[in-house]
Structures are given as structure tokens and as C-alpha cells.
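We just call them A, B and C in the order they show up, numbering each chain from 1.
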Amino acid sequence: MAGSPRRAAGRRLQLPLLCLLLQGATAILFAVFVRYNRETDAALWHWGNHSNADNEFYFRYPSFQDVHVMVFVGFGFLMAFLQRYGFSSVGFTFLLAAFALQWSTLVQGFFHSMHGGHIHVGVESMINADFCAGAVLISFGAVLGKTGPAQLLLMTLLETVLFGINEFVLLSLLGVKDAGGSMTIHTFGAYFGLVLSRVLYRPQLEKSKHLQGSVYHSDLFAMIGTIFLWIFWPSFNSAPTTLGDGQHRTALNTYYSLTASTLGTFALSALVGEHGRLDMVHIQNAALAGGVVVGTAGEMMLTPFGALAAGFLAGTVSTLGYKFLTPILEAKFKVQDTCGVHNLHGMPGVLGALLGVLVAGLATHEAYGEGLDSVFPLVAVGQRTATSQAMHQLFGLLVTLTFASVGGGLGGLLLRLPFLGSPPDPQCYEDQVYWEVPGEPEDEAQGPLRAEEPDTRA
Amino acid sequence: MAGSPRRAAGRRLQLPLLCLLLQGATAILFAVFVRYNRETDAALWHWGNHSNADNEFYFRYPSFQDVHVMVFVGFGFLMAFLQRYGFSSVGFTFLLAAFALQWSTLVQGFFHSMHGGHIHVGVESMINADFCAGAVLISFGAVLGKTGPAQLLLMTLLETVLFGINEFVLLSLLGVKDAGGSMTIHTFGAYFGLVLSRVLYRPQLEKSKHLQGSVYHSDLFAMIGTIFLWIFWPSFNSAPTTLGDGQHRTALNTYYSLTASTLGTFALSALVGEHGRLDMVHIQNAALAGGVVVGTAGEMMLTPFGALAAGFLAGTVSTLGYKFLTPILEAKFKVQDTCGVHNLHGMPGVLGALLGVLVAGLATHEAYGEGLDSVFPLVAVGQRTATSQAMHQLFGLLVTLTFASVGGGLGGLLLRLPFLGSPPDPQCYEDQVYWEVPGEPEDEAQGPLRAEEPDTRA
Amino acid sequence: MAGSPRRAAGRRLQLPLLCLLLQGATAILFAVFVRYNRETDAALWHWGNHSNADNEFYFRYPSFQDVHVMVFVGFGFLMAFLQRYGFSSVGFTFLLAAFALQWSTLVQGFFHSMHGGHIHVGVESMINADFCAGAVLISFGAVLGKTGPAQLLLMTLLETVLFGINEFVLLSLLGVKDAGGSMTIHTFGAYFGLVLSRVLYRPQLEKSKHLQGSVYHSDLFAMIGTIFLWIFWPSFNSAPTTLGDGQHRTALNTYYSLTASTLGTFALSALVGEHGRLDMVHIQNAALAGGVVVGTAGEMMLTPFGALAAGFLAGTVSTLGYKFLTPILEAKFKVQDTCGVHNLHGMPGVLGALLGVLVAGLATHEAYGEGLDSVFPLVAVGQRTATSQAMHQLFGLLVTLTFASVGGGLGGLLLRLPFLGSPPDPQCYEDQVYWEVPGEPEDEAQGPLRAEEPDTRA
């Protein structure tokens, strides 16, 4: 379609070869390194003479499934708001997340669960891999519509490694708490994507302006994503916490925070909207900021009031960001942020990290009792004061911002490699570059990009 | 758009101010009253030296999540059948339910879980608050398209209080059993909404007749709501029952009842349809009546056959209601019931209450064994006979109908306050009154309500 | 619409009468035979003095709910890809599955859980009935668009019986392992449907060629089905396994296999597509083949690498099947396979059965330890060697193919009974034959099949 026949032939082979190469490499690494853990291996589990009811599966798997829905349905459909980019939004989410699950199992395994030269896998590694996929999809949101699938796979390859390193530094080296990933997932994913988008800046992007908006039905598809993300966010934040009160409290705090970000978003959206009308962009996105902002503090003794206050703040800041900051980011800083991930994940992620600093700093033996050991183990054993834990949390945020920015910059340079075909400006946000798109009755008169005939399956 | 500039400015501020006021009020009340319960508080939980596996989270949270999906995805998309009201259906569901969760936590907490001046929250209060949100959304269905978001928030404010009082009278004072809420949720929500709709009667509503129908895609969006409601209804009815056999049996009964209401609905829909054709309105709604009708008796020893019979009856009655009763309700009784909640929640709810009377009256020590204590504790300890329990159940239905009717009347008067802008008749069922609506290629020629340009996010 | 008034009147009554007859019959059989099992009966459960936490509900119900989502949302929306057959795809899925759940409870109960003349039901029978519904819906996919609801109900009636017999022969008589149903569900459902479709061959089907494709939005609806199937497939395969490591390992293996089939599908789809473009048909379907292919071996010690390899193979074979085999099946073998179930369920199902043969044959006491008893009990007690188990697995595949083929043939003859109205060739894949379809602005000019006015609910 675009360019010479040779270039077209090159693009034809690029995605298949890259998929096959990556799949081959992870398969070999799986064969060498990955093994069932004690809870999934028939011999190891039965050797221990456990009760089957004690298997971690029963405590984590329902949460895992909710997280899985968020990654594939939530992110995929949330990004389907564009009028002609639904196939790519849902489809590339599918591809990138599937690859990220494999690759992150290896990367996170090297850092977190290497035993005797082997990576041991089970429901916890499944949750962690889905978390990494979430970060990748946040970055995808920043460059949505402006990058091809081969570019995006390379982005995933790089980002997953940096995600694993950053997570290792924070959780294992610095002893930072970040169960729901305000830092490791949201801040990291957002700023990685934003810096990457900056490097890929397209001055002529207005050539595809007619494709940058939504249509009525695409906004409803996007709401499927929004609502599933909103519903299951309590499971997301609580999936990897300590069992018992920790998991329970995290889910509860997230639930409250989200209700408040929703009310805040509706209030602010109507306030700043023309004629007092609500804007779907705000409702689809900013209402979710309450989940992001308690990603760090949700497992702490935040109190229900604290959850409401944090969620409300996040929803308002996020809505104002969509209204006022996003245009400035593009005009002044040359950051083209398709989904506004700076508003949904960037600022609320940083706020969430700072909230974690605050609540960690306020931790007392009185408030946590014997439970202090499971929330702040280093404080409980006297190795750190609460203030010191707070400082470590703050340092974790700075580390994350550094890794994300450097990584996004490297990613941008990688994706600018000339042989990686990226869509020309007038064909950004257009499925037909990468997909066979069926004709639609109402679209017949819209020009040369339309497909000639409907697909047939039978 | 409609009316003078001053009125437009007033509307512009009404929703934001109301959201901020309500959020501020609940936040203050949360700060004063709401505390983690024993299962979510770090100090309290660890003080008791429990096994983490005993935390109620693991027994209730998967059911809670299913209920949560029903409230936000189920109700939201079910109401998205209207061709130009999908943003409002999904969006206002989102707003009202988010507020109801906060407000109901307070109201139900005052009545049910006040300990030492504090409301103790955890997964049970989350389930209960979602149940109240369900009742509010049922009422919303009756007035869908004819009320603005500020009106609906005030309705939620009032209805949540009355829901809490009615629930307290039934469950705590009268010792009525109603796990899945045939009375407290469905009957209450339906008649509250119907009386409210009666008070708001619009004689000129046919001015928006062209917007009252569905289009092909909007009916498919509505089916997303239907199917998720149908699938998760067993979790809804079983979420608050006693653990063990009670929860298990309730889910099983609901599962069977729903299959029978589905078969009954298909049978009756084709029977009464023109040319024997099926009507999406029936399939989307009446097929769910099997869940409503076992909301009271589902936890009792209804028997699998009893569940089938009840579900079949509810499906047929509901379908016939849509076909024959809804037009009469509007023509003769001036009740404009947008979603037909009388057919899906009203009649099946009353039938479900009566089924509860019947099955409670038939309870014997022989049938329930030692389990009688968890289903009918007052009968088990000899404080009541089964017949007396049945009479209490029946009285509970009458109390519910009274509270709902009086509450709906009060609500109607409240919503008629002149400064609360409600949409003019020709703009009922039209998103554009409250939302920035993107243009669509196929809609360009449809007149002055269309937006001028697509929204842009970046 | 089509044919004489008498025929129209006949069709008008056919579906209602059949629904009522089937519902009446199952209700009577339920009254006579079906009873709560020990875990759902109040008296039986409390008699045993169990801890409520031990109730099977807490170990199986979350998996059941995921399976339930797959059956109703997954299959229903996956088949909604056709531009004018979404109501039928989602609606008939709803009807057939609801009936199959009742009928299969009886059929499977007769074979599997008859105690003292009664069928005992609980969460395990719920899972098993949903599995049978899955097989029925696979067969539905082969004949989608070419059969009416009365025909499909009769197909369900017959197929459920044969499904139950085949399952009984494999699991109970032959001692074959097939937790996720590579044989009993996928192979059986696919070849039953394919043979049935062969018997119903329509040489003039190109008369409805204009309706056989998708449109942009219908492909997005189908992706809802795809993604929910993909996400929850780990729960599907693990729902009926032994508790503990068995369930955990099955979910893990399925998760990995699906990631690999997704990468394989994207690779092959772009490789064989025109201009290197991806084809939604492949992504929607072949990416799921990884779930099918580990339906037998998923609970065995397949190893994570084995899961990746199997999934990749299945994804590639399935994609190539859609591209090259489906046209040949129609042209040479007169099998019109609307959804390509041969590619998604047929070939991957057979591959999955063969993978089961291989992995069973490799089973050793060393690899499984004490866990051998729960995966291969007959091998563990020395009644069989691993090789013998493998041979039994292989024989199970042959039995399944035989039952499916004979059953599909019988089903085809049944559905050709002349009084069962099937849609004429030009009206295949058209909702309006069976449904009141609302008008759409963009459809107004498309001829006499359009409805005259939108439906109204209020």
C-alpha cells in the first residue's frame, strides 16, 4: 500500500519473523529454565503431605483471573475508543500481552524466583507477569495509533526487561512496598511511554486528525474496558499482598477510592465541559485514577476516609489533566499522548507513590499491631524506622522515574530504526494498514482505504 | 441548548456542585464513623491469632466480584438498548452506583453494623452496598431517559435511606429471610421507581418517540448486560447467605431457575410475536426473571424441581407483562416504565416473596435437619412455627410495598423541584443533552442535535 | 414471510411448543430424579458435622463461574461476527445452552451420579452440564446461520445424549483422562457439527453470500467473545481436575499454551495474509487453539515448555486450516463450516488427544511421585502401565470420533425432517427470519427484509 513493492514485502515478513523469533527464543529459555513450583508439581506437592485446600491456588487464582480480565479486556477495549483503530487496539493488546506474559515470566523469574538454576512458576508468577503486561499496555496507550506491531513487540521486549530490573531494585533491594504498582506499574509504564512518544514525535500528525476522534459506538466499546477495569481494580491491587487482612484491606480501600474518583471525575468533567456537558474521555479514563492512586498505600492502614480523599484527588487531577495539560504537553513538550496516560497513570501514579510515602511515614506499632510484620517487615523487626521506610519509598519513586525515562528514550531510539515500518502520518489511527478490514454499508463512500469485499469464513 | 443562558449556566453548575457536596458529606461521615472491621484491620486481625485462610475474604470476595460485575456491567449495558442513550445508561449507572456504594455503606452501617459508635466495614458491607446500588438502578430503569443526573443523584440519596430502613425492618425487626432480595431489592426498587415515574408522568412523551427504540448494535450492547446478569445471578443470590450448604444451594437453585425462565421466555416471546418472531426486549429482560423469583426462596430447600417451576413461571409472566401489561400501565395508569422494570423486577419480585412465604411455611425439621438453624434460626430455636415465619415473610412484602410506594411518591415530589432541570419532552432519551457526543458518518444529516466535530484526546 | 400462510402459522407455533414440551419433560424428570447432593442439602451437610470451609463450593465455584462466562458470553459473542446474525448468535446460544444445562444434568446424572435412584446435584454437576453445553455450541458453530431454533433444540436434545454416553465410555469405562475435554468436548462437538453440516449441505448457499461476512463493529463484538474465552480457558481446563496441584498445574499449562497459540496465530496470519495484513478471523479463532490442545494433557506433567510448544503448534495449524483447508472442505467435501470449528476445535482437539497419548505414555512414578494417584490412578495402583494408559487414551479418541460422526449423521437426518422449517438459502445468516429487528438509519435502503419501525419498550 505505502511505498515500494520491496518495502511492502519487507513489512509482510517483519511481523511473522519477529513473532517466530521471539516465540522460539522464549520456548528455548523455558525448556532450559522454567519448572513447576512446589504448588504445581505433582511430585513436590504430594511429597509435602499438604492439604489440597492449602494450595495457594485457592487464595490467589480468583484475583489472578480478575487481573487477567483487566489486562486483556480492560486495556484492550479502553483503547478501542478510536473510530477506525479498534482491531489494532484490541488485537495488539492481545499480541503484546501474550508475549509479555512469556517474556516477563523469564525476566521476573531471573530476578525473583531463581532456585537452583531454575525459575519456579505458579499462580504468583502468573500474577506478576500480568502486572508487567499491564505496564507495557500503559506505554502502548501513549503511542497508540502511531506504531506498528513489530515496533510494539520490540518495545515490549525492552520494557519488560527494564520493568523487571526496576521492580527488583524497588521491592528486593530497597524494601519498598508497592503491591498495586503505583510506582512499578503505573508510573513506570506511563513515563516509559511518554518519553518514547516524545522521541517518536510526529510534527505532521494532524494529517490523520479525522481519525483521532471516537464515534458513538466506539465510545461504548471503550466503556466496556473502563467498567471492567473499574470493577476489578480492587483485585488488581490486592492480588499480590500478604494473605488475610492485607488482601482484604487492600481490596476495600481500592473499592472506596474508585467510588470517590468517579464522583470527582463527573463533577470536574461537567464543570469544565462546554455547556456543562460530560466528556466521555474523562469518564472512560479519569474515573479509574482512584485505582492507581492507592496502588502503593492500599495495603497500608490508609483508613476508609483516606481512601475516599485520595480517590477524589486523583479523579479531579486526572480530569483537569485531560482538559488542560494534555494540549500543553503536545504543544510545548512535543509529547503526543494518544490515550492520555499521563493523566490516568502518570500523575495518579506519582500521587500514589507520594501517598505511600506519607502513610508509611505515619505507621505505628499501635495502628498495625502484630500486623506490622506483614506490611512493613523491616520496620517491625526494628531494622528501619517508619520515617526511614518513607524515605525509601520516596527514593523508589525517583528510581522508577529514572528507569522509565532512560528506558523510554532507549525504546524510542530502537523504534526509530529505519527498517521498522511505522505508519505514515495520514494513516495513523487506521486499522487498514495492518488488518484486513471488512467493508461497511455506511462506509462505502469513504475513499481508497476501504476494503473491497467482506471477509468470508466458510 | 434548551432555555435561557441563565438556566444553562445553572445546569452547568448543578451536577458538579451536587457531586462535590455529596462527596464532601460522605467523606466527613466516613472520617467520623467508618472503621476497618476485625477482618480488614491489621491490628485487630492479628490480635486474634487467626489463620489467614479463615479470613472472610476468601469465602465472600469471589461472589462480591460477580455482584459488582452485575451492578456496573449488567445494569449499565442492559439499559444501553436505546439508540441514542448509551452514554447516559452506562455513564449514569456508573455515577449513581458509585455514590450509592458510599452512601449505603453509611446508611446500612448505622442500621446493621454499628459497634461502639463506629461502622465496621469489610467484604460483607461491600456486598450489601452493592445490593443497595442494585435497587437504585432498578428504579433508574423506570425513569430512564426522562431524568437528568442531578435528579438521579437526589433519587439515590433518598432511596438509599429508605432501602436501609426497609431492609432493617425486614431482616432485623421482623426476622424475614430474603438473601437475594426478592423483596428488599427487586420489589422495593421496582415499585419505588414506578411510583416515582407516575409522579413524573409526561403526557407529551411521544415527542421523543423516534428515540425510544433500539438499533441493531444497541440491542447487542444490551445483550452484554443481559448475559452478565444471567451468568452471575447465582452469585448474587448466594453472596450474603450462611456459608457452606446455604451458599452452595442458593447458587444451584438460581442456576436452575434461570434456565427455566429462559426457556419460558423464548416460548412465550415467539408465541405472542408477530409472525412468530422473537422480540429482543423479552429475551434481554424476561429471561432474567428466574433470578428475581428465587431471591427469597433460593436459600431454602426449594428442590431443583421447585427452582425450575418458579423460573418458568417468572419467565412467562414477565414476557406477557412486556407484551400486554406495559402498554396498559402507560395508557390507563400513566406509568411510563422505560425498561419495563415492573415486568422484570416488580411482578417476579412479588412472586418471589410469595414463593418465600410458601416454602418457609413448608419448612420442617426433617427436611432441614441441623441446617434449620442457619436458614430459619427463629424456627429452629422454637421461637416461631414455620407458619408464623411464613406470615412474617408475607408481612415483610407488605411493608416493602408500603415503603417503596411512599418513598417513590416522595422521590417524585423531590425530583419535580423546578430548579432541577429535567430534559424537555423532545429531548428525552437523547445523550446530547448531558454529553459531548461525537459525530458519526451515518448521522451527519440528522439535524441540530448532532455535535459539530469529533472529540480529540491527544 | 417465506412460504404459505399455513407454513408461517406452523413455524409460529413450532418453537413455542418445542420449548414448552422440552421444559415440561425436564421438569417432570427433575421432580422424579434430581435431588440436592450432600454439599447442597441442609440436612445432609449438617448431619456430617463438616466445617463450612470444606464445602466443595469454595474450591469449584470460582472456576464454574469462569466456565459459565465462556459458554454464554464467549461462544455467544464469538459467533456474533456475522453482520446480520448477532441476535441469533447470542440469542440461540442463550437458548440452546439453557436447555442443555437442564437436559445434560439429567443425562450425565444417569451415567455419573445416580445414587439410590436419584441424581445428586451440586457444583460439579453444574460444571459438567456447562461442559456439555460447550460441545453443543461448538456444533452450533458449524451450522450457524443455516438452521432455525427448533432444529437447533432438537440437535441439542440428541447431542446431549450422545455426549453423555461418549463421556461415560471414555471416563468411566475406559479410564481415559480428559479434564478439559480435548476429546469429549472439542473433538466430539466439532465432528458432530461437521458431519451434521455435511448432511445439511446447501449447494445454493452463495445466494446469501452478501450476508456471510462481518462488518467492522460485528468483528469487535466477536472479539469480546474471543477475549473472554481466552482469559478463562485456564479455568475451563482446570475446573474438574483433582484439587490442589492438579487444578493449579492445569491452569498454568493452559495459560502458557494460549500465549503461544496467540503468537503463532499472529505470525501465520500475517504471513499468509494479502500484503502481510492480519485477518480478524484468525485472531478471533486460531489464537484460542492453545486452550483446546491442552484439554487432555494440561493436568499432566506437560512442563511449561511442553505447553508452549503445544500451543504454538495448535495456533499455526489452526490458522493454516482457516486459510487453506476450509475452502477445500467446502469445495471437495461439501462441508460448510460457518465458524471454522474444524480449525478451532476439530484439528486442535485431535492434536490435544494425541498429546495426551504422548504425555500419558511418558508418565513415570519419578515425575509424578505420590501425585501419580490423582492423575493416573490406574497406573498408580499397578493396574495399568503408562503405555497401556496411552493406548486407552488413543482408543478414547477413536471412540469419540465414531460417536461424533454417527451422531452428527443421525442429527442431520433428524434436522432434515420436512416440517422443521429451515431458512431458505437467500435468508441464511439473516436475523430477520427469526427476530423482530429494529430499523437502523444506515440500513433504510436495504430492501424488503428491514423492519418497518423501531421497537418500543415503554
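Please note the rule applied: contacts are C-beta pairs under 8 Å (C-beta built on N, C-alpha and C of every residue); 3 or more make two chains touch, one makes a residue touch a chain.
Note that the structure is a prediction, hence the values are computed from the model and not measured.
If touching chains are joined by edges, the resulting network of the protein chains shown connects every chain directly with every other. Two copies of one chain, chain A and chain C, form a contact in which under half of the residue numbers belong to both partners.
Rounded to whole angstrom units, the spacing between the C-alpha centres of chain A and chain C is 32.
Of all residues in chain C, those that touch two or more other chains are 53, 58, 62, 217, 224, 442-443. Note for the complex: chain A touches chain B at residues 53-54, 58-59, 62, 66, 81, 83, 209-210, 212-217, 219-220, 223-224, 227-228, 230-232, 235, 242-249, 251-252, 255-256, 258-260, 262-264, 266-268, 270-271, 273-281, 283, 287, 301, 303-305, 308-309, 312, 322, 326, 330, 336-340, 366-375, 442-443, 446. Across the complex, chain C meets chain B through its residues 1, 8, 11-17, 19-20, 22-23, 26-27, 30-31, 34-36, 39-47, 50, 52-53, 55-58, 61-62, 65, 68-69, 72-73, 76-77, 80, 84, 86-87, 90-91, 94-95, 98-99, 101-102, 121-123, 126, 149, 217, 221, 224, 432, 434-443, 453-458.
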